[in-house]
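Right after this note come the structures.
Consider the two complexes below, in which subunit A is the common component and subunit B and subunit C are the respective partners.
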Partner chain A sequence: MNTTIFSYDWSYLLPEFTVLGFATLVSLLDLFLGKRISKTALAWIALLGVVLAGVFVVGNMQALTEPIQYMNDMMRVDDYGNAFKLLFLTGVAFTILISMGYMQQGEVKDTGEYYYLILSGLLGAMVMASSADLITLFVGLELLSLSSYILVGLRKKSLNSNEAAFKYVVSGSLATAFTLFGMSYVYGLTGTTNLYQITERLAEAYSTGFGFMVLLSFVFLIAGLAFKISAAPNHMWAPDVYQGAPTPIASFLTVVSKAAGFALILRVLFTAYRGVMDQQMQASVFEELLWFISIIAAISMIIGNTMAMRQTNIKRMMAYSGIAQAGYLLVPFAAISQFFFQQTVFYLFAYLLASFGAFAIIMVVTQDQKTEDLKAFAGLYHRAPLTAVAMTIFMLSLAGLPVSAGFFGKFFIIWSSILHANYWLAGIMIGTSIISYYYYFGVIRQMYMRTGDTEAKLRLPIGVGVVVLVCSLGTLVFGAVPDWGIQFIQAQLDPNFTFADMFTPGK
Partner chain B sequence: MTVTLSSYLLVALILFCVGLYGALRKRNAIIVLLSIELMLNAVNINLVAFSKFGLNAAVTGQIFTLFTMTVAAAEVAVGIAILLAMFRNRDSIHVDEMDSMKR
Partner chain C sequence: MVNNFLLSLLTFSPLLAILIIAFIPKTQGGAIKQVGILGTLLPLVLSLMLFGRFDYQQGGMQFVEDVPWISIPVTLMQDGSLFSITIDYEMGVDGISMPLILLTAIIGTLAAVASWNIKKRLKEFFILFHVLLLGMFGVFATQNLFLFFIFFELTLIPMYFLVGIWGYGERERAANSFLVYNGLGSAVMLLAFIAIFFLAGNVLGTPTMNIAELTAGFTQPESLLNLAQNEGLRVGLFVALLIAFGIKLPIFPFHTWMLKVHVQAPPSIVMIHSGILLKMGAYGLLRLGIGFFPSVAADWAMWLAILGLINILYGAVLAFVQKDLKMVLAYSSISHMGIVLLGFAAMNSIGFQGAYFQVISHGFISALMFFLIGVIWERTNSSTISELGGLAKPMPFISGIFLAAAMASLGLPGMSGFISEFLAFLGLFNAMPWLAAIGTLGIILTAVYLLRAVLATTFGPTQERFHSVSDAQPLEVIPMVVLLGFIILLGIYPAILSDPLQATLKTIIINVTGIGG
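Here is the complex of A and B:
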């Protein structure tokens, strides 16, 4: 049958079209509204677009019975992608809410650009989660990267911001070059960019004597993609970029950009390299390839947690903490169990709540004290008791202590890697977690036990207050009753939800 | 005389390494951006060579190249724009002077 562009049911791509439409709308409004009119309404328009896209994603989840594909899996809509899309949309909604408070300070002049670049970055992230073709995945990756390069540098008068943006561009482009070099070898071995055909042909290529090239492509891909999740060989950009970037953008990079990187890595590695067997067709080479990843995970955890102890700048500390968290998230790769995706997504979700809450409070406190030093938190408990308690909850969740979502996220990961007899990695994870208590509790110590320069009350702006409230409630609920929370959400969204549909070519 | 696939791959690999060296070693930020372009062009050579001589030769590689070139151009444009903003704040584009953030 002759398929044309009109023979697809495009309604499943409504979330992407919505985000694209609103990004265009915001950029046009920014252009035509003129200089004198206040642009604060643009934030609400962008937020409306994100919420609307979220509603469409939920609708898709309920309507979907099997994966839908467009143009030979160039775009596809499946449960795996939808789960990640919900994560991105929640993250971006929080970013916009925090940004409303940030904009009042007036350091970023280009309000319109700020919001539509966030939306186009979101679109890139969504494409990364919903494609099974190397070309589309690459374009999505670059859309996200280019938007975030500019967002980091939007404080044009600040030298730190310029520097951070340039460092981000250079290390990002290097990572892109590595990724692309890996992809070009994959393409050369298979002659296709479709991930499902790559699965078969890569296995074929490996067994017909191109084993070295297959390994080479894997190493290049991992080295390049580690950049997006700020994992070990490519993590050096994170502290500088977080320090120079506007704080809401730092939180966007921590969560949305990192989650998008994970969505891409999981999809590419698990579909492309899954079928690779050794010469005698006996054992799977894939398990051996995963050794690379466990080494990366171990190095990330060690570097992230030990370097974070030395930091006095709160944003740099959060950056190193983010490197360590990327390491924790890579641990389940090394021991793949049937709950692998659940663990990863649950951890990402817990991480999202804790990071956004923490960054929201960090933004308010650093703006108030005019310094990003840890001492800015001194005596916060006496100035704003509830805020200090919320910050304590987020720090506990990031550290992975009980009655917080982060505890269960970490617990699941450690437990399953012990079950798979992966003792050394579990050991490193537990050891470095204990080290991490030192710097997370450093913040708590400042808030409760030190006296600050001022006793004046600190009030949170409305948007920031909403984010802090939602994040702390979510962290507590998922920390107290994780099973109930997950099952409730699953029953509301999609009873037949399965991550395994990532492996079935769409229809 | 025909040129074999391996010579194309070798050229691409050398170009990639030259680019990597330049990106890591050069002081001038413009040269750094140019070196990154070299690395991306190495990828293009790979893709086009594979689309003619690869295991399953197909035209997809050339399409991929078009996307790579477009994105590379966009990336450098953003890089230059950021560099200009920095040049206005401090009259220097030397990479080794970008050290205002430490510890």
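Here is the complex of A and C:
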């Protein structure tokens, strides 16, 4: 019991420290050098921080043999968190690369704020993936949320952006209140914020007559957290916010913020509620609770896909598409398989590649055409053939057609749904996927089959070009040889890693 | 030695043309066309090699290739190792698929020639054309359900563009309709395939997607699947496959997309669509639907026959009242695909042969018909029957071939259409004489609507504006003569097709009837 704060090996938290350090550095440079430092220099510094943190995460993955925990699981470094961190870092690196092109337009004046807020948001996301304590998790969640609120409103002169930021703050606060309310029930029932202790005591509470309270806390938690992943019923903010936010930030929200939400939901719900058993019925209440999630998944898929069909604004369309994608990602929750973690991360990775690629192109095209209408894409094929082909790849991947990473992402999910006899959800997933062909092919139709007002060549800025190239190659390669992706995830994990590892306390 | 990878070579041979075309500048339309057409000769030569090396006596798979491809971790074993399922890259052909590959290669080449008059965006056209070709070869050459699905989907995307960009006036609606219906079919197919895969895990002990292994395992009389309590499962999967391939074939209520594609797509693409893509439905139904669940198919034979009858009569009656030549032929295709269903419904060797002959024969005939319509459109800018007329005078050769094609289609002895219809009805007479009798009505109607359409366009007084149109050019003569040649060859020497077919069909028949021999 004599552990002091210095007796931990803090080197495993290097990724977080790096991001924190660079966020501070960027803010100080911005403060003291002001106009004397160029916008691109700040971007490169931020990017360097992200890459460095990525290197440390990979190093951690190699070195880690068993989970490392700090201060009674306040912070926890394990394979689960590292896999997610890698995902966040890739996403943020892409965001920064796209942002370099975006800044040239000059709509966002506060470049310094922009980059260090992205980094602080990233730090929040990383904390959300690497803690087993409600308080730390909540702090991470808030750090990410607060950074995002500001980032959304950074186009200060734009009415849309202001409206988006306002809506985001209000509905975000509401969701936070829900989450906190749920957490307070959990704390009230168990008297602890440590997830592993909660696991035991929540089961105890359930069997000693507090069953209703346990269920209530679950409903509040999931309703609040649905906000972060933009799943129904807390999805309404997404279209407005995506439309108003700077495009790179929209892509940040659609991937990084959503993935962080998933990391948190997985960790909390699956650890805390796993042990809840109904003594009389001798049945696991946890599986009943998962039913609740599958209903959310079904509603998200249906709402997202049907509403997306009616959009004429490309960013709003992508927002609804993102709601649908959140629904797909929730499908495996209904029946947890051993392969659950790999397939979720693979899907998130495929989604990351397709979304960032698509948003990068959307940004360039909408800036060029001064409109976010779908018609901005008209005749894109004649203006920039390779860009149009790349966009086609991203749309096919999002729609889940072969040969693309998105196809295998969906295939794995449908696969295990059927394996677990979860036919109705697999059916809805396939049915709504077909509906989604309509609007994804709507973009393709514009690019190839319509003529725009201009035939002028469209060039991608260098940063955007890199993102588009990497994303399209990645989508194709993981679409042809998905094994590489799965094996990579598998190889990074501890050989003894099982999904259940997450539930067991560290040493 | 080449046999070890001949199929892969053949399937991916269109990639060569794609690669070359990709590097030709857009402005050099002539060069792109030449490469686009010459590029189809490579798969043609390879498929002729396949035809030459094929062993007729052997009933099973030949030219087999098997390489591990994807492994999906499923569960964690007790000892901590990961148990994975592997999906292999498996290729192989038997007597059913080999002729279809040859058909694909032949029609592919001729359709490329017919694409000579494509005017806009040549580069994209020929790239997509070869992707489509690749997908079709893959569907017929693969021995793995998962690959089958991927190749099946791979034909979907280029077709969408080919119809949507190069079609006639209503092209985009046709492309959307195509996408939605076929997307639905593919979705049902994917669900069925995954279910079959897990079923194989229970029935065979190891989950597999190899078609031959599945067929062998599912049709064992003592297998778990054939227990009485699994009746629902068998029927459910069979119906799922029937819907998935019925949309493609198309079977009656699912046919609307096919009409739109036939009318709106450019002629060369309709040649491929009507000549090969529809046949993927028949192939899938025979190989997977009937192949996996022969007992269910035998129980459902009556329904198959009724569906076939509906197709035949519905198609024929509606073909009779159409004003547009393309619509006549589109409905005629529906009618002819009904005969395929009738042949399947017979559930005997003769009926299956008839159905299969109809698949190949209709492939040639409809490709020829739609090629001719393209040629006529080029000259007259019309395919409306009432606007045409008396074309025999300015273009006697084209009109002659047109009449010959119609004769083949309505089943004139000596041409391929006769053999197939004769065999299909003969087979069905053995099984269900009454339905077969009603079905023969369709043959009479076929004669009526086809002769009406052909005579109204070629005979009668020639309109003023058609006096100066020219007859067929040399480049147009080649496809006509080649296709007609194959139609007559199949008609007078059917053994060329039935010989490779015999050994393979025999195994299916044994499974269906449940008796050896």
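Just so it is clear, the second predicted complex is superposed on the first by the 488 of 507 C-alpha atoms of A that agree within 3 Å, B and C clash if a C-alpha of one lies under 4 Å from a C-alpha of the other, contacts with A are read in each partner's own complex, and residues count from 1 in each chain.
Assume contacts are C-beta pairs under 8 Å (C-beta built on N, C-alpha and C of every residue); 3 or more make two chains touch, one makes a residue touch a chain.
Note that this is a predicted model, so its numbers are computed, not measured.
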> What is the contact status of A:167 with respect to subunit B (first) and subunit C (second): first, second, both, or neither?
Replying inline: first
> Does subunit B (first) or subunit C (second) touch A:342, or do both, or does neither?
Replying inline: second
> Which partner, subunit B or subunit C, is in contact with more residues of subunit A?
Replying inline: B
> Touch check for A:456: first (subunit B), second (subunit C), both, or neither?
Replying inline: neither
> Looking at the overlay, does A:313 come into contact with subunit B only (first), subunit C only (second), both, or neither?
Replying inline: first
> Which partner does A:71 contact after superposing on A: first (subunit B), second (subunit C), both, neither?
Replying inline: neither
> Looking at the overlay, what does A:433 touch: subunit B (first), subunit C (second), both, or neither?
Replying inline: second
> What part of subunit C is in contact with subunit A in the complex they form?
Replying inline: 69-76, 80, 82, 149-150, 153-154, 156-157, 160-161, 164-165, 172, 176, 179-180, 183-184, 187, 190-191, 194-195, 198
> Can you list the residues on subunit A that touch subunit B in the complex?
Replying inline: 134-135, 138-139, 142, 145-146, 149-150, 153, 156-160, 162-167, 169-170, 172-174, 176-177, 180-181, 183-185, 187-193, 201, 205, 210, 239-240, 243-244, 310-313, 316
>> Please output the residues of subunit B touching subunit A within their complex, sorted ascending.
In response: 16, 19-20, 23, 29, 32-33, 36, 39-40, 42-43, 46-47, 49-50, 54-58, 60-61, 63-64, 67-68, 71, 74-75, 78-79, 81-83, 85-86, 89-90, 98, 100-101, 103
>> For the complex, give me every residue of subunit A touching subunit C.
In response: 337-339, 342, 396, 401-403, 408, 411-412, 414-415, 418-419, 426-427, 430-431, 433-434, 437-438, 441, 445, 448-449, 481-483, 486, 490, 495-496, 498
